[in-house]
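In the two complexes that follow, chain A is the common piece, with chain B as its partner first and chain C second.
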Partner chain A sequence: MLYLELFIQGIVQGSIYGLIALGLTLVYGLLRILHVAHAALFTLGGYIGVIVTNTTGSFSLAIVVAMVAVGLVGMAVYKLAYEPLLHRPPYIALIASIALFIASEEIFRIVFGPFGLSYIDPPLQGQIELFAGFRLKYGEILVMGIAIVMLSALAWLSAKTRTGIAWRATVTDPEMAAAFGINIQNVRYLNFFIASALAAVAGVLVALLNNLVEPTMGSVPSYKALAIIVLGGLGSIRGTLVASLALGVIEAFGTIYVGHLLDRDALAFAFLILILMVRPQGLLGAK
Partner chain B sequence: MAYEITLLTTMAISILFALSLNFISGFCGQISLGHAAFLGTGAYASAMLTKSSIPFLLTLPVAAIIAGFFGFLIGLASLRVRHDFLAITTMGVGFLFVGIVRKQDFLGGELGLAGIPSPDMSRESFMVFCIILAVIFAIFSLYIRRSWMGFVFESIADNEDVTRILGIDASRFKLAAFVIGTAVAGIAGALYAHHFRYIGPDSFGFVQSVSVLAMVIVGGVGSVWGVAFAAAVLSILPLLVQFIDDYKLLFYSGLLFAMMRFAPDGVAGIVQRLYGYVRRKS
Partner chain C sequence: MRHFKNKALAAFSIAAVFAASLVTASADTIKIGFNAPLTGFAAADGASARHGAELAIEQVNASGGINGDTLELVVYDDQASPTESVPISQKLIQNDGVVLGISGSYSGATRAAAGIYQENSVPYISAFAIHPDITRAGNYVFRTSFVGEVQGRAGAKLIGEMMGLKRVVIVTLNNDFGKSLEAGFREMAERFGIEIVGQYEYGIRDRQFGPIVSSIKNDNPDAIYASGYFFTAGPLVSQLRAGGVDAPVIGQEGYDGQKFIEIAGAASEGVIITTSLNRDSDVAETRDFIAAFEARAGYPADMVGASAHTAVMVAATALRAVGASDSAALRDAIAATNLAVSTGTITFNDLGEVQKDVQVQIVRDGNWHEHSVISDADLLAPPTE
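The block that comes next holds the complex of A and B.
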């Protein structure tokens, strides 16, 4: 019974990692930038979610508003921060991104206060008993459900639509794609919009599970999501999903069984280093 | 006067620490996002020893050897993974260090080690000692950069594959860079522990690793003078802007971002451009 509970916990956590890390993979796949500030957009999503829910009382409206608003902010981040740095060595963009992330944590703290915000009337608090003694919170079901819906929508978008084909072509070979008349700039904007919107959903969901948003809620996901996309083999979408779920489950079990030796975050990186030494290209990365 | 002595000692330790990363990331082009772990290794090793009443000066080589040994292991990892993969692996090492130290009772766990004995010298001579070590390593760095080893480092930083095709054993040089850089970081850690006389897991976390990398990049990757200058300024900047207290970190990160956005080649790059401008004028 304990195993099953730990496993489900791991999958829920893994779904959240997946939503965050997927955006990071999209950015990396297209621009080769390690986008640490992605986690700031995740936090922003959480704040918008809580504020909109508290003022309008509608949770679904909050999700939509958070996605659109954060998506637009993501596009602005690309335009203002990354575009001018594309021709520089990659660590420049990485440090810029870390600086941006620290700055935004400070801005959240100064604007919204250091103690964070909560839902006044938290939605979806009940739980359902699946079978004897085994319960799932509605919130947890929602997390898994939304993750599945979002990821399927993304898979459909990239496989079946013209936009998706343009996007994949740009990832594979930007110059060739441009020669075929694809507007690379638009692809990049769209990429940042989708990536940031996914982070925003994750932010709203984490805010729901913890019933709290605070300025520092992005700091753990930011670095862990980097570990995940590297683990998955940078830029590989399938690898990212596998790595997210695997990490969620490993953390759930690991904190119980080796928690006295390593804390939760160190565990993730121990796993990462171990895998990278055996498979330097990541779990599903191409050599 | 005591305040100035503390400031100068802090500066000297930061310069030594930043130059040690410059050796790895600047000269040899291997980006490390976990360099604070080696500062921490040296600090913990040295503090544990002086706490069992072994003379401070004797602990310096021990700190260097232990940190250098771990640096050797990371160097081995850098032979497996490169570029962004290496950046994330070293970041992982930093988190691993903090995560392990946090859980070890004999290292003080969460609370850290307090009551570290003072080094067996006056505050003034400790300051001079730190400055001398920083200067020696700066001279050593300048010397290495002009040596055969320095050229190989530059070539590895530029293009490792070509270096290998030229018949140079790049792996050996990369390992050497990691061992020297991390051993010196270990010495800086020993100085750090006995300067502040308190260390904890959070003194060596990701923020410290990023700030030291920021010193190297703001100074101008690979430039000894630039990095020393940036380390000196950035290490005491938080103290100088104490008056904006609540906005300190915002100011620091904003500055870092502006630097990357508008002058990514750092202080050294700015100076070089100014110099070129003046030369063209005359």
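The block that comes next holds the complex of A and C.
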């Protein structure tokens, strides 16, 4: 029973990693930029979620507002920070991204205060007994549910719609796509909107599980999500999802059985190193 | 003409600046250095520490200053990092000319800074950092709070003897704070009949404890001794209760503050901690501090604020006794402290460690309240070397 519980905890954590890391994969796939500041958008999502819930009392409204608002901020980040640097080597954009991330932590602290925020009346606190002795919190079910819905919607969007086809074409060959009349600028905006909205959902959900958002809550995702996309094979969406879930489960078991030797973050990187030694291209990356 | 006017203006400004600097230099201001994490992950504690220290400075100046001189706090942000606290200490001593330093920061930053103060023979008081090596930097370094081991021992007595709970799970934050608490707890566990039925560690950035909660449920302990700060303990306690673990949670001063209760919400009810500030105290110094802190900061007093306030009061009392001109005399005056302040009556042993009672507080109806006081002098004896 304990094993099953740990496995489910790992999937819950992995779902959150997936929502965050997927956005990074989308940005990397399209622009070849390592978007560290993505973790700042995750934090922003958490703050908006808590503030909207506390003022309106509606958690579902909070999710929608956080997604839209953070999606727009993500587009602004692209326009203001990355677009002017696209013709420079990728590390320039990376440095800009890191700077943006560090600055954002202090901006959150100045705007929202150093103590962090909590839900005044935390939503979805109950739990449900699935079968004898095995319980899941509503919040955990929601995390897994939202991850599945969001990722399915994304898969449908990219496979079945004209927008999705244009998007995939731009990823594969931007110049050819432009020659066929695809507006590359719009594809990039859309890309940042979706990536950032996913990070925002993750932020709201993490805030729900911890009942705490704080200025530095993006610090772990900022580097762990990078590790995940490398682990999955840079740019591979499926690889990112597999890596996220695998890492979640490994951390869940590792925390309990080797936690006194390696903490959660160290475990994640030990796993990354191990996999890259065997498969340098990542779990599902192309050689 | 215009040219002349500008020149005259320039000359005047230079003279004015020069005069102003002369005035500052000759004015009767005594400077105390203060390093605290005002940004970064520990910024919340930094904010409380600063409120506590500045409150003490205002109170000292309002009651006549240091024999007529004004006390000034020179504050720098150390981000709770030794790489920041070392240059800050050098700057405070060499450029700002402080006569004494106070740490409103964590152990890493404080330990590194202590060596600099010791080298320069400038007294340094750690307000709430708990690592035992801090005072071992030398005879100019003091601490007005408990070392971690002392608080860990108090935790063992509280759980094993006073609460009579024997099957205990330990959850340790894997930094010097959590490790030293665990060491003190383990040292005394046997004496109080405690059996450790499970132990877990987590990192300071962890906020999601799902796997640990599942495993603790499986251990089915009588009590949980969990170290952490409010930003880890809040999520931990709320997740333990949400996960159906009902065993009492016993924490330490890292939980201390209203924010823990805000994060953990209803789950915080009944959580017990060992700390330095008694909210229900009938001691005048403590009651006055609690009222003045809330009026100044806009949120209820916490251990960090009280400890920073305590350290400044100790410094001011020594300065009033011997003045600021002689470092060695100032050091001796601090060593001879016997002062009633918000966190108890402060006296130091030869190592510069404080000996005082441990306050046990419990959350009831959304506020910290008195649970009991541990005043076992042997158990709480600080290290002497």
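One rule holds for everything that comes next: the second predicted complex is superposed on the first by the 287 of 287 C-alpha atoms of A that agree within 3 Å, B and C clash if a C-alpha of one lies under 4 Å from a C-alpha of the other, contacts with A are read in each partner's own complex, and residues count from 1 in each chain.
Heads up, the rule we're going with is that contacts are C-beta pairs under 8 Å (C-beta built on N, C-alpha and C of every residue); 3 or more make two chains touch, one makes a residue touch a chain.
Being a predicted model, the structure only gives us computed values, none of them experimental.
Trainee: A:Met217 in the overlay: touching chain B, chain C, both, or neither? Say first, second, both or neither.
Mentor: second
Trainee: Who does A:Ile141 touch here: chain B (first), chain C (second), both, or neither?
Mentor: The answer is neither, since A:Ile141 touches no partner chain.
Trainee: Please indicate which partner A:Ile250 is in contact with in the superposed arrangement: first for chain B, second for chain C, both, or neither.
Mentor: After superposing on A, A:Ile250 lies clear of both chain B and chain C.
Trainee: One more residue to check, A:Gln127. First (chain B), second (chain C), both or neither?
Mentor: Only chain C is touched by A:Gln127; chain B is not.
Trainee: Considering only touches as defined above, state whether A:Ala81 meets chain B (first), chain C (second), both or neither.
Mentor: The answer is first: A:Ala81 touches chain B but not chain C.
Trainee: Once the shared chain is lined up, is A:Phe115 touching chain B (first), chain C (second), both, or neither of them?
Mentor: A:Phe115 contacts chain C only, not chain B.
Trainee: Look at A:Asp265 in the shared chain and tell me whether it touches chain B only, chain C only, both, or neither; answer first, second, both or neither.
Mentor: In the superposition, A:Asp265 touches chain B and chain C alike.
Trainee: Is A:Glu106 touching the first partner chain B, the second partner chain C, both, or neither of them?
Mentor: A:Glu106 sits against chain B and chain C alike.
Trainee: Using the touch definition from the top, say if A:Val12 reaches chain B (first), chain C (second), both or neither.
Mentor: In the superposition, A:Val12 contacts chain C only.
Trainee: Chain A residues touched by both chain B and chain C?
Mentor: The answer is residues 106, 260, 263, 265 of chain A.
Trainee: In the complex of these two chains, what residues of chain C are touching chain A?
Mentor: For this pair, the touching residues of chain C are 39-41, 43-44, 46-47, 174, 199-203, 205-208, 210-212, 214-215, 217-218, 231, 234-235, 238-239, 242-244, 259, 262-265.
Trainee: Tell me, which parts of chain A touch chain B in their complex?
Mentor: Of all residues in chain A, those touching chain B are 28, 32, 34, 81, 84-85, 88, 90-96, 98-100, 102-103, 106-107, 110, 223, 226-227, 230, 234, 260-263, 265-270, 272-273, 276-277, 280, 282.
Trainee: Which of the residues in chain A end up touching chain C in this complex?
Mentor: Against chain C, the touching part of chain A is residues 1-2, 5-6, 9-10, 12-13, 105-106, 109, 114-116, 118, 122, 125, 127, 135, 137, 139-140, 206, 209-212, 214-217, 219-220, 251-253, 255-256, 259-260, 263-265.
Trainee: Report the residues of chain B in contact with chain A in the complex, numbered from low to high.
Mentor: Going through chain B, the ones touching chain A are 31, 77, 80-81, 83-85, 87-89, 91-93, 95-96, 98-100, 102-103, 206, 210, 213-214, 217, 246-247, 249-250, 252-254, 256-257, 260-261, 264.
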